[in-house]
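Two complexes come next, and they have one chain in common, chain A, joined by chain B in the first and chain C in the second.
Then we have the complex of A and B:
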């Protein structure tokens, strides 16, 4: 009987693993199978020419640049706000602080808000302030979307930090600020994970940028101009009746995947470099 | 008088200036260095320490012993005001260190902590290199000259006997040291801020016998310059290294006195029971 239980659970677990791996391989396989023949150097280095969406020459550099600008800008804004907030609720407020828990609770709610709601909210805000669809609008909206994700995941790792290290620092006569600076080094891998989660969530997101950033075939040269993004670019290409353009959409998806991979690997590399003295 | 002379011998001139800035009015009072007056500590509704009246003699080792949960660690943490970080802890009474009540309003917590080097139960090196670990204290307390910092680091690494072991790799991570070495590093780090008191919170309980022996020998060496207060679980350790014993039970000081007298001729029944191992 015991043996049977063991066997059944083993089968369930292996089955789950196989399904997950299978789906992943199927998705990536499809994207690469359809996209790889269309993935040319031109795709990466050129903006769409006239008639790009009808199968003529051009690339998706506009979307690559737009996506990178928006994600980078949003990361800067949300890091500037998230890191101090998490440090404050963990190290400055007392352990069972009502205020800290209230913040955590509201972050949990914000975490679950769908991105289209952020998009709509950002759009409403922009209309109210009289800003047109632009890179700036996109950055701010995307920052609002990723802040709860970043804060919550950074908060989780910060809470796991043992009390020994803060105690050791305080007993050496550190001020809270000096203590926080050292603790941040210890938290570097956690911070990297938070950033990666945020990027992964947002770089493929079309809903937030749909209203707020607009779409353009050019690379934006200022914050006030609209910008293209990879997910929207893929959407427009897939919507084309021309088969060649549809295949280019898959090539764009490869580009998106590779960008995420590069970011992920480099972030892990730098984080391990920063934390080589971690205890 | 010769105490002062002894002190000056071991301190660098840099240290004197820093110390003078911090506490110009504090003078060394002979015989005892720390005195508590009706010290009561409450954590939420629990009365953890009850009416502690103690004098701790200077330049000697005082061991605080007692069964688990009797308030030893709470007592130690109240000496360097670590309870300030936990608002649910309330403290009443006085702790007089060098003639000044450290719980007086207007006392700078950082100055108090700087005077009390704390050695924790488990070594907790900072996430930096061995060198930076020891240099951290002097740096945050305002010493900028590279040469002074180098000297300080080498001096204290030598003092704890770690210098020869790490000489070639002071720039590598402190986490690569063995746990016994880490504890000595933590001691060096604590001493580098030039404290006058060394507090040890079961500082050897996580260590192997050999490392324990090294740390114990260091404590004996420390009492030449510092007042050492140790919390310990091991009676044998207390007997080996202590000059004075404080026995605590259920938040009260039951008995205290010189080591020989305490172990050979305990006055209270409960002390005798504890020493004979009826409870622990």
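Then we have the complex of A and C:
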């Protein structure tokens, strides 16, 4: 009897795992199946031409460029803030310090704050500072979203670092600041993974940039101009009643999915490299 | 020469401390600024009335949040109910049955599922789930449904929270001491009996915490749900009615709100509500999970 139960549940469990995997394949497959026919070079190399939203010529280069600019800007801001922070809680504060744990806890909570709330807060902040919906606003808001993600994954790899190296450095008479500089080099693969993961998480996020970045058909040339983003571009094209435009939304979805796939796999590659270094 | 080194060290230390304090205060900053933005409408109207009225007519100055709150709860609950069995079964499978190679094969699956952007989920939902509901599932229960329904939102959301649930639950299951399961197995219990009587019972708090965490994630999910759930401001009466969750409300109305009195304030109140609920849920579950992790480290 108990062996029968065992067998039944094992089958159910394998079934659940297979279904989850199937759903993933189904999602990616659907996007490719629907979008592949409309995916052309023009899509990635041109900005929307006249009548783009009526099905005429053009591409989504504006959105790709906008997304890249925003994520790059946000990345710079968040690296400047998160690298020192993670170094501080790991190397400056004593092991198991209450302060470090409080920071980790607030990072966990910041990580859980929905992106739409960051978007609303970013918008309020921009109104307060007198910035219009622009590249700058998008960068600031996305930086807020990216920071907890990056800090947490960086913190995780930093904690895995063995304590021998810091001890050796300190006993040689280096200051903690000098020690951190050396350790940071050791952490490079981990940092790369953290950055790639963070990019993957935020490049597809639409809710934060919805009201902070605006939308435009051109490639922004300064921080004060509005910018298009890939997820919003997909969303707006999908809302069109014209069929060609909808098809192009699916093609844009392929572009976004491929970007995510590349980021995810390269993050995986770098993290496996990191664990090799660790020995 | 020596002095400069120490000055550098001390300066760096102070800058880092500043950043650390800023990080902790950042939550408060977000909370307070949303609160102050929401204050005008709370002054004008009774908060309780705002939350329990179903009357949403911004043109007349009526802001009743009830339809949105109920929609959010419905969609999230459906998502949890669908996602929970799948995630528990899969994480048990990965933890107790799967070989190392299967586990390593499954890691990127979970990674990718959590990495796929909400918009893509939304596109997929409108392409597959919505037509499926309107043509296959709904006709068995109701006369007519567009497919853009509570159920569609719930299904899409369920898939989006499964990776979160799986990754936390595998951590929780891993934290159970090996001696415990070994003891049960050596007494002649089958693997499933051990799972049922030892692992599941022992990790119950962790599972609850993971569920609460996933629920808070579900509350805040915007784009994907917005694209499949219909966005009609009504209290949904069945799974096959359209609904309008809070994040979708904020996202959809941002452009036009500045022209109407109190509209911005009302939307900020929605964001504030979302923020508070998510913070509470997150705080509680993270605390529980940290507690579990701590026990595991010392035992």
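By our rule, the second predicted complex is superposed on the first by the 244 of 279 C-alpha atoms of A that agree within 3 Å, B and C clash if a C-alpha of one lies under 4 Å from a C-alpha of the other, contacts with A are read in each partner's own complex, and residues count from 1 in each chain.
By our rule, a contact is a pair of C-beta atoms (placed from the backbone, for glycine too) under 8 Å apart; a residue touches a chain by one contact, two chains touch by 3 or more.
Note that this is a predicted model, so its numbers are computed, not measured.
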Fit or clash - chain C, chain B, common chain A: fit
Touching partner for A:88 - first (chain B), second (chain C), both, neither: second
Chain B versus chain C as contact partner of A:238, first or second or both or neither: second
Touching partner for A:14 - first (chain B), second (chain C), both, neither: second
First, second, both or neither for A:175, with chain B first and chain C second: both
Per-residue contact with chain A, leading partner among chain C and chain B: C
Partner chain in contact with A:40 - chain B first, chain C second, else both or neither: neither
Which of chain B and chain C A:211 touches, first, second, both or neither: second
Where chain B and chain C come nearest after superposition, their Cα distance in Å: 10
Shared chain A surface residues [contacts with chain B and with chain C]: 175, 178
Touching residues on chain A, where the partner in the complex is chain C: 2-3, 5-6, 9-10, 12-17, 19-21, 23-24, 26-28, 30-31, 34, 81, 84-85, 87-89, 92, 99, 101-103, 105-110, 112-121, 123-125, 128, 144, 151, 175-178, 180, 200-201, 203-207, 210-211, 231, 234-235, 238, 249-250, 253, 256-257, 260-261, 263-265, 268
Of chain B, residues touching chain A in the complex: 80, 82, 85-88, 110-111, 113-114, 116-118, 120, 122, 124-129, 132, 136-137, 140-141, 173-175, 186, 189-190, 193
Chain A residues within the chain B interface of the complex: 94-96, 162, 164-175, 178, 182, 185-186, 275-279
For the chain C and chain A complex, residues of the former touching the latter: 5-6, 8-9, 12-13, 15-17, 19-20, 23-24, 26-27, 30, 33-34, 37, 85-86, 89-90, 92-94, 97-98, 106, 108-109, 111-113, 115-124, 126-128, 159, 162, 166, 190-193, 195, 213, 216-217, 219-223, 227, 247, 250-251, 254-255, 267-268, 271, 274-275, 278-279, 281-283, 286-287, 290
